[in-house]
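A, B, C and D are the chain letters, set down in written order, and residue numbers restart from 1 in every chain.
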């Protein structure tokens, strides 16, 4: 079982125009930097990207917005990006906003073979418009469908050639659910280790969910809001 | 934040007749031995137990069957227990059988605030009788409801006073989902460690799901099917 | 005198109880963490996947892999845990978080809240707000009593698109503290020096004024 | 000569492909693990929470915390991972497992399967079987062709309560190998020395017999 590919370009083999991609990360934390860069090089257009956020102007998914490769974003929060705002207001970019917990659960559902589930989020708001609602134990819920993707692009800290992944701190975020929901899941890691080096009890994403894995070199890991306190 | 209680008897404070309990474990692996023993001492009757299996005659939930404390079992597989069979066939014990994956997902749903979801398991069988079914992408699914419990009794390997838990090997099984779905969740552990000793990235059950925790002494950890191979 | 933002946070901190798990929204709610009473154990949840969030890191110790839901660099306290986004919202929808504090643009006297979208303006998204307000049993809204034009933000009906319906339990503004009751906003406390008349004049929604409304103690 | 159980397992092992994730049911299916062709990488999933299950432990090295879905003590191979039951069935329902092999009491010529309940007898439960058959894209049933009374187990319609409908893709019995096709059981191979006539006489369901039915090679 060897899922290692040489680099990001090899990992994205098969991604075509108009495909739907899931892209891990929260803000700029835990985003698949190398796969995003390779998407720019690949030049595929008309992409639908499912990602909690849309990057900043010159990093993360913002890079794909600059090159107009994204047709539609499915996200929970898309602030902090002037080019995004311009394309959205001009109608070049389609945007679907989904409550963050619903987004996470819809990705998990896609990976878990659950086509639909009820959630209280968005009941009574425009998010629920056109959707089935139902009462359970006196509370109202909205029926939401699974999300799946042609490719899921995720970023982990360590991985092995079976595709087993371990994430670091809050760089975990949406990556595990998206890894589950990709028809083809590409994982980029900071460190490739030998099978057996990761304790089976500590693996966050079992390798079965990952199709291709590669080691990225020189992660920028940009910080969006650098907040600190002074030493006393 | 200190959720440590002295022992199993203190941990079960509040469990009353006719309550619904979730009990972790798969076969005899990862069962909350000490809490089960304390339930026998406590003598509560008329319990509904949600547990993948029902123990063996003289261990696990079998102990509560001997003392006739269980009114109803909700499980996926209940073999290997003569007393269980006797009570079931005589009508003393009510039994509801649920596909294992559906059972796991219904527990998770209870903990995750998802009142219902669609699953393919059981479609076209007696399991789906009386339930709503629906087609998604050409395949038929059954609507299943969440499961919740007055108390969830789980067993972990290590834990801290915040209630953070780490499980060992396949003793994990149903414990994490049940920990999520208990109104009050009681965790018994082999080792109590100081907060900070468990790496935050390696915690399987975040403490928020656990209400009480105690260290069990002298685990039997009985093996149901001891299978080995000879050394060459 | 209307409360400062710091004083609003200070007042909300008095709603904390020992053993609470708390989710603080972006803005003034974040400041509440600075006023946890000494000796009280409160665990902060950040919906991007942290329980046991600590203060900002010391300069030079920022970790790009460790941020809060506001994308700020943070630290972890002993006993903290990290989890994925679906588990994070599982605990939110599963009502394991005892207190949620968030900002709002409008709140109604039945507990409806609007805080994510202004028609005609760039919409950034609801983030986790809709999940939080639809799930939490104990939601405190923290906001200015009136907008910059002087119009009340405590309304009979929201004019903006809703974030959630009948969910807010308590409102803390720069002028006072209000419970949402079947009869409307129940005035519990006044900011020091603020009169009942001023509050009445700035509240568009149904307002219930008890015979004695104490000044808040900070 | 009808196949032995070991030979049935051996035949099924020929359905394995490099890189497959495989779930083997209790009984004869478990034996398939002994016949993985040399050099082929196959990962075994156990629905109680293992990927990369290894052989039974050496005597004295049994770990009570490490069992398979049949509750037998097992070992882990390098690259294995452990997960909870909901994640395990997430991968099963999510169709990440490429091959599922399980036993049955009855199979129909449309792919229905019954393997969990005999009315009037003690019912032990379906375990994970209903999830597996409802989800897997590639299900091979492994069973004796006829029951102890000599009655066919390859039927037009199940007489026992169903485990799943229209899900079985292939059946390996002690007499032959069959694909489930729109026209019924398509006889692909005969057990060595078993005649087409014997198979026809022992098959109650619709049977399609090609002009040439090779003997199976083991």
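To be clear about the criterion, a contact is a pair of C-beta atoms (placed from the backbone, for glycine too) under 8 Å apart; a residue touches a chain by one contact, two chains touch by 3 or more.
For clarity, every value in this text was computed on a predicted model and none was experimentally measured.
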item	value
Shared chain contacts [chain A and chain D, defined touch]	B
Pair joined by more contacting C-beta pairs (A-C or B-C)	A-C
Taking each chain's C-alpha mean as its centre, the one farthest from chain A	D
Gap in Å, rounded to a whole number, between the CA centres of chain D and chain B	28
Distance between chain centroids, defined by C-alpha means - chain C, chain D (Å)	56
Approximate Å spacing (C-alpha centroids) for the pair chain B, chain C	36
Multi-chain contact residues (two or more partners), chain D	76, 82-83, 86, 89, 92-93, 135
Multi-partner residues of chain B (at least 2 other chains)	105, 108, 112-114, 119-120, 168-169, 172, 200-201, 204
Chain pairs that touch, as defined at the top of this document	A-B, A-C, A-D, B-C, B-D
Touching residues on chain A, where the partner in the complex is chain B	105, 109, 112-120, 134, 136-137, 139, 141, 145, 166-169, 172, 200-202, 204
Complex interface listing, chain A residues touching chain C	26-30, 52, 75-79, 85, 88-89, 95, 97, 99-105, 107-108, 119-127, 157, 168-177, 204, 221-231
In the complex, chain D residues that touch chain B	46-50, 55-74, 76, 82-86, 88-89, 92-93, 112, 122-131, 134-135, 161-166
Chain A residues touching chain D - in the complex, by the definition given at the top	1-2, 108, 110-114, 160-162, 164, 180, 194-196, 198, 200-201, 203, 206-209
Contacting residues of chain C [partner chain B, same complex]	19, 21, 41, 43, 45, 51-52, 76, 78-83, 86-87, 89-97, 135
